[in-house]
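Below are structures written as C-alpha cells.
Presented sequentially are two complexes of chain A, the first with chain B as partner and the second with chain C.
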Partner chain A sequence: MIRLINKSWWKYLGIILVYYTIIAGFLVHAPRLAILHESIRNLFFHVSIWFAMVILLIISVTYSIKYLINPKAIFDNMASEFAKTGIVFGLIGVVTGSIWARFTWGSWWVNDPKLNATTIALLIYLAYLVLRLSMENEDQRARISAVYNIFAFTAMIPLIFILPRLTDSLHPGSGGNPGFNVYDDVDNNLRKVFYPSIIAWTIMGFWLTSIRIRIKNVKEKIFELESKNLF
Partner chain B sequence: MNLKTITVLISKEFTIELRQKYALGGMILYLVSSIFIVFMALNLNNASIHPVIWNAILWIILLFTAANSIAKSFIQEKKGILLYYYIIATPGEILFSKMIYNFLLMMFLIMAGVLIYSIVLGNPVQNMQVFSICVLLAALGFSSTFTLISSIASKASNSSTLMAILGFPIILPILLMVLKVSKNAIDGLPNSNSFNELLTLLAVVIITITTSLLLFPYLWKSS
Partner chain C sequence: MQKIVSILLSLLFLSNCVLGQDPAESHQVEMADALRSDGKIYVVVLVVMIVFTFFLLYLLLTDRQVKKVEKEIESLKNSK
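Our next item is the complex of A and B:
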C-alpha cells in the first residue's frame, strides 16, 4: 500500500469515479418513495462517505497492528494520517446526515443509536489525537497510540455493528429492521451508482492521506538537511 | 502465567491500600459527597425521584468513582517499582493482578455507593437478582477497561485529563448495556427479559479483557 502512493493510475480512477458519482448521482432514475422522495440521492454521499470512513479507520488499525509487530516510523505515520482522514470523513458524514435528517425525520439531530455510535467513534479518534499530542518521545508516542488505536477499535465494534441492531433505530438495518436487499430499499438503479461511489470516496480519502504523508516526509527531510548544515 | 505470582501481587496491592488509608477513605468520601450534592441539587422534599433519573445519576456517579479510583493503579506507581515488577513478573501477571484487585475494589465501591444512594434517595429496584448480576458485570467491565486506559494515561503528561477522555468513549457500550439492564431490574421485569443484554455485556467484557491482555506487553516495554 505504501508503494501505491507514488503511482498515479488510481488517482485518475478516483477522479473518474467521483465525476460519475456526482453526475449519475443527480441524474439517475430514483424510485418514488414517500417521505424520502429525491433526498434518496444523499445515499451516494452520506452513506458512502461513512462506508469510506469505516474502510479508512480499518486501514489505520491495520497499520497500528503492523507497527506493533515491526516498529517502523512509516507505519505510525500511516496509522495516524488515516485516522485523521477518517475523522474528516466522519464530520462530513455527520453534516450530510444532519441535513438529510432535517428533511426526512423533521429535526437536525435525533436520539438514534447509529448517530450516537458515530459521535462516540469521533470522540474516540479525537481522543487518539489528543493522546498523540501529549507525548514528546516519538518512539513512545507511536507505540502507545498504536495500542490505544487497537483497543479503541475493538471497543467500537460492539458499538457500531452490534448495539444498533439490538435497539430500535430510524436507520434501516436496526431493531430487527432489515438493511439492504430485503425491502428493496436500494433498488438496482441506485446500486449502480452506490457501489462505485463507495470506491470513489475511499480513493479520495486515500489520496488526501497520501498527500499528507508526503508532506510529512518532505518536512522530515528538510529538518534532516538543516540539522546537518548546523554542525 | 503463574497463579502464585498473581496472588502475591494482589496481596501487595491490598497491603498498600490498607497501609495508606487515605486512598480508600477518600474514595468513600468522594461517593458520599457526590451523592449528597445530587440530593441537594434535586431538592427533593419527601417526593420520590423518577426511576429513569435515579438509574442515570447512580451510574454516572459510579462511573466517575471508577475512573478516579482505578486511575491511580498505574499513575501512582513509581518508576523504580515498575522496574522491580519487570524482574519478578510477566506483563500478563501484572495486568491480571491489577484487574482482579481493581475488580474487588470496584465491587466494594459500587456496593457502598448503591447502599448510600438508596439510603438518601430511596431504592426503587424491584428485581434484585438481575440488579446484582448487573452490578457484578459493571464492576468487571469498569475494572477491565479502566486498568488498561490507566496504564496508557500514565505514560503521557496530563494523565488525569487523558484518563477521562480516553476512557469515557470506550466505556460507553458497557455503560449503555448496564443502564438498560438496571432499568429492567428497576421496572421489575422477569429475568428472561434481561438475559440477552447480560450475555452481550459479558461478551463485551470478555473482548475487552482479551485485547487488554494482548496489548499490555507492548505498553509494558515502553516504560
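Our next item is the complex of A and C:
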C-alpha cells in the first residue's frame, strides 16, 4: 500500500471508473420504483461513497495495528490521513443522504437507527482528530491515537452493520440480513455501475490521501535537513 | 350475450388499469422519460463530466507540484 503511493497506474484506473460512473450512472436503465423514481441513481454516488468510507477506514485501522506492532512514523501518517479522508467521505454521505431523505421520506432527518448510528460512529471518529490535536509528543500521540483508532473502528462496525439490522428502519439494508442482495431495488443493471463506482470513489479517496501523505513525508525530510544543519 | 361479453371485457381492461397501478410492476411510475427522449439528460452528463474534468486537472497539477517538491528535497539531500 505504501509503495502504491508513489505509483500512478491506479490513478488512471480511477479516472476511467469515475467517468464510467458519471456516464453510465445517468444513462443506465433504472427500474421503475415508486417514490424513488430517478433518485435511485443516488446509489452510485451516495451509497458508494459510504462503501468507500468503510474501505478507507479499514486501511486506516490496518496501519494503526501495524504501528502498534512496529512503531514507524510512516504507519502513523498512513493511519491518520486515511482516517481523515474517511471522515470527509462520511460527511459527504450524511449530507447527500439528508437531501435524498428530504425528497423520498419527506424529511431532512428521521430518527432512524441507521442514520443515528452512523452519526454516532462519525462523532467517534471526529474525536480521533481532536485526540490527535491534543498531544504534542509525537510518539505518545501516535501510540495513543493508534489504540483509539482501533476502538473507533470496532465501535463503528456494530454501529453501522449490526445494530441497524436488529431493528426495522426506513433505510434499506436494515432489518434481517440483506447480505449481498441487499436492496430489492438493486437490479443487475444497477449493479454493473454500482460496484465499479465503489472502486472509483475509493481510488479518488486514496489519491487525495496519498497527496497528503507525500506532503507530510516532504515536511519530515525538511525537518531532518534542518536539524542536520543545526548540529 | 354481446352485452355480457362487453361488460366482462371492459371489467378486464379496468382491472388491468387497477393492477397497473401496483408500483412494483407499473409503467406509470413517473420517470424522466421526457427528459431522456428530448435528449436533455445528456446535457447533465456533459456538465458533470466537465466539472469532474476541471477537478481532475487541478488534482493532477497538485500531484505534479508535490512531485516537484519531492525531487527538490531529494537533490538537496544528495548535495549535502
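Keep in mind that, in the parts below, the second predicted complex is superposed on the first by the 221 of 231 C-alpha atoms of A that agree within 3 Å, B and C clash if a C-alpha of one lies under 4 Å from a C-alpha of the other, contacts with A are read in each partner's own complex, and residues count from 1 in each chain.
Criterion: a residue touches a chain if its C-beta (ideal position, glycine included) is under 8 Å from a C-beta of that chain, and two chains touch if they have at least 3 such contacts.
Small disclaimer: the values here were computed from a predicted structure and weren't measured.
In the model built by aligning both structures on chain A, chain B fits alongside chain C without clashing. Contact with neither chain B nor chain C is seen for A:189 once the two complexes are overlaid on the shared chain. By the touch criterion defined above, A:143 reaches chain B but does not reach chain C. Looking at the shared chain after the overlay, A:207 reaches chain C, while chain B stays out of its contact range. When the shared chain is aligned, chain C comes close enough to touch A:23, but chain B does not. The superposed arrangement places chain B and chain C with a least CA-CA distance of 33 Å.
Across the two superposed structures, the residue set of chain A contacted by chain B and also by chain C is empty. Only residues 11, 15, 18-19, 22-23, 26-27, 30, 32-35, 37-38, 207-208, 211, 214-215, 217-218, 221-222, 225, 228 of chain A touch chain C when the two sit together in their complex. Across the complex, chain A meets chain B through its residues 68, 120-121, 123-124, 127, 130-131, 134-136, 139-140, 143-144, 146-148, 150-152, 154-155, 157-159, 162-163, 166.
On chain B, the positions that touch chain A within their shared complex are 145, 148-149, 152, 155-158, 162, 165-166, 168-170, 172-173, 176-177, 196-197, 200, 203-204, 207-208, 211-212, 215, 218-219, 221-222. On chain C, the positions that touch chain A within their shared complex are 23-24, 26-27, 29-32, 41-42, 44-45, 48-49, 52, 56, 59, 62-63, 66, 69-70, 73, 76-77, 80.
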